[in-house]
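Here you go, one structure.
Chain IDs A, B and C follow the sequence of writing; residue 1 opens each chain.
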Amino acid sequence: MSSYLSNNWDTILTALRQHIWLALVPVVLGFVIALPIGYLGVRFPRLYHPLVNVCGVLYSIPSLALFVFLPVLLGTKILSPLNIVVALTIYTVALLSRTVADGLRSVDPLVVESATAMGYRRLRRLVDVQLPVALPVILAGLRVATVANISLVSVGALIGVGGLGQLFTRGFQLFYLEPIIVGIVLSVALAGIADLTIVLIQRWITPWTRFQGRTA
Amino acid sequence: MITFDDVVKVYPGGSTAVDHLSLELPTGKTTVFVGPSGCGKTTSLRMINRMIQPTSGRILIDGKDVAGQDEAELRRGIGYVIQHAGLFPHRTVLDNVATVPMLLGKSRREARAVAAELLERVGLATEFASRYPAQLSGGQQQRVGVARALAADPPVMLMDEPFSAVDPVVREGLHREFLRLQKDLGKTIAMVTHDIDEAIKLGDVVVIFRQGGHLAQVGTPQELLEHPADEFVAEFVGRDRGVRSLSFDSAADLPVRPLPADLVLDDAGRPAGWSTGESTGGTFTVADSLRLVTDLAISSPVGIAVRVDDHGKADGVVPHHDLVDHLAARRGRK
Amino acid sequence: MNLNYLFDPAHWNLEDGSIPLLILSHLWYVVLALIIGTIIALPIGLYIGHTGRGSFLAINAGNAGRSLPTLGLLMLMVTLLGLGLTPVLIALTVLVIPPILTSAYAGMRSLDPRVVDAARGMGMRPWQVLTKVELPMALPVLISGFRSAALQVVATATVAAAVGLNGLGRLLIDGLAVNDYSRVLAGAIVVAVLAVLLDLVLALAQRWIVSPGLR
């Protein structure tokens, strides 16, 4: 193992770096896109169920298929990382739009009503009251999306761009365990660190949740 | 003054919640809407701050039609308190109360200063200021709700069953607090409740609704108890309305007799019990109501209510046959 | 890119590598993984939810399980165990466990404690409380977890083809290998349709199993 590590250090680091970019850029893009979409699903209640269904179908498209089609649809090269980024952004949007909608729907209607009655206009009410109160739900969804993305990136290795996934295909082809194990460990560690980071951010920006469910 | 001018509200689906309501809510007074569940009280209340748009008719505040005003601006000038308070879970108590002043453009520091003052006013210690709503009891949350509604010092307050979600003992305390605050502040208040006792206790004017959004009767609590307009109102205010109406009659003109020999006094002249060893069961002053005197006379083991002066010294007694005569005479006067 | 491959009758006979047989093998992986995963995860999730012991595990098992890259796990298992059904099932079962465990836990935690208390007060034994009250009430949450597990495993079972096994991933991998995008498209469509149909079946089952009082 240690000889594998020392001999392939650069390859591993490059793969790791690529993995981080391929996984996290879609999380940010997807989150930014999902916010308005999820909001629409709440603002116009009729859109909620169609939204949930479309997101469900999008999420059930196999990642491999999406990775393969995007070059055809976007005119990108098959080896372009853009394919992976766009595909994972689509998954993230599918996952988070619903989460944002569910989060906003979870806000106690009495809270929204009293904000309205105090004279909040729609946009400021959303930013000052609804979104902050929905944050615990939204951030829980963000955790899922981030972790899912980090593990999905490796499938890209089947079309030649997959961050740590390339260690899997290499090991598989050469019938060689070390790269596979290193890839899995790094991928899981990366997901763990990302997850933990979001949890810490959540603690920091939603201090009130620590007291909920304790007293009347 | 808040004026309802021939206001109708028909919800989509056809149910008429408010049916041609015309009504005036006097400035500086508490007007309580009361009636069975579903009779249109909440709908009427929420049309005042345009949370609900009337189907027809107008609502005016001090002569100005609310329909012509910017919704958000209008609402910032009207305090609003609801059951369970609707506090923002993500803001501390202090910042909840500071909400409207900040919406009105005050700096955070100014708004918080106002908020701190108000919290004190509604009887919440400073230590609560930095807590989150989830860390408060129901009664405390309700106080914060009231403080939040008062924060911008609005001339008008709307309260929808503000004290319904707390237990009777806490409610009792909130009622006292409310009456004390309202005595100081003199806001124009519209309050909804389904509890006729609460309405009688807190209202200067009570508006009784019946099913279908119709007005059944408007009047002072005493008027409603003594002269219910019809069977429905009589039934609604309750069978013991005669006794309760005694709350509004003063004990001042009740004739008293000199202290009897078997009333034991302490060194300061305060009543200490009857010579048989039994307690007086409480005392009244000239500021109390006939209802209290009646209660004392009935529950006293010897059938006598004891009156004291401002210093607690016994200064007369009322045996219950005197009370009966007085009530009969009172009946003749009405 | 076109739909020729999908609609060519030759690909719908029952010969090796035909679409119906690939669907069958795909479903076989999916169903086995769901069954094994449920047998493992359900009791654990119910137990943790019921007792409240090990909540930390239940909450974090979800994200920990999701973080295991299925492709890596599959390739690891094949390298270790050789080609066959077992490595595929291991990789897919690991995928199925987290959502079922988490939802079983969440379903049990979401119960109104007063109802459970009332059931005990009526003289139900612990087993009766579980089967007659807690489970039926936890079902909506539980089934929605099962549905998301099913959706995920249908889409992911395509990676089996990457190690030379069957399933609808064959259409994707083989199509890609020979630049036959019509075949890749056929694979993607069939997988998505399969996922939607499976979800529909589960939704119907949910209507049928869950008490109308809980909808």
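By our rule, a residue touches a chain if its C-beta (ideal position, glycine included) is under 8 Å from a C-beta of that chain, and two chains touch if they have at least 3 such contacts.
Computed from a prediction, not measured in an experiment: that's the story for all the values here.
Annotation of chain A and chain C: not jointly contacted by any chain, touch as defined at the top. Central chain by Cα centroid: A, whose mean Cα position is closest to the mean of all protein Cα atoms.
Each chain gets one centre point, the mean of its Cα atoms, and the points for chain A and chain C are 20 Å apart. Distance from the chain B centre to the chain C centre is 59 Å, each centre being the mean of its Cα atoms. Centre-to-centre spacing of chain A and chain B amounts to 53 Å, using the average Cα coordinate of each chain. Chain contact summary for the complex, chain C toward chain A: residues 1, 62-64, 66-73, 75-76, 78-80, 151, 154-156, 158-159, 162-163, 168-169, 172-173, 175-176, 181, 184-185, 187-188, 191-192, 195-196, 199. Within the complex, the chain B residues that touch chain A are 49, 51, 71-78, 80, 82-91, 99-100, 103, 131-138, 148, 158.
Contact residues on chain A toward chain C in their complex (touch as defined above): 56-57, 59-66, 68-69, 72, 143-144, 147-148, 150-152, 154-155, 157-159, 164-165, 167-169, 171-172, 175-177, 180-181, 183-184, 187-188, 191-192, 195.
Per the touch definition, chain A reaches chain B in the complex via residues 108, 110-111, 113-121, 129, 132-133, 135, 206-208, 211-216.
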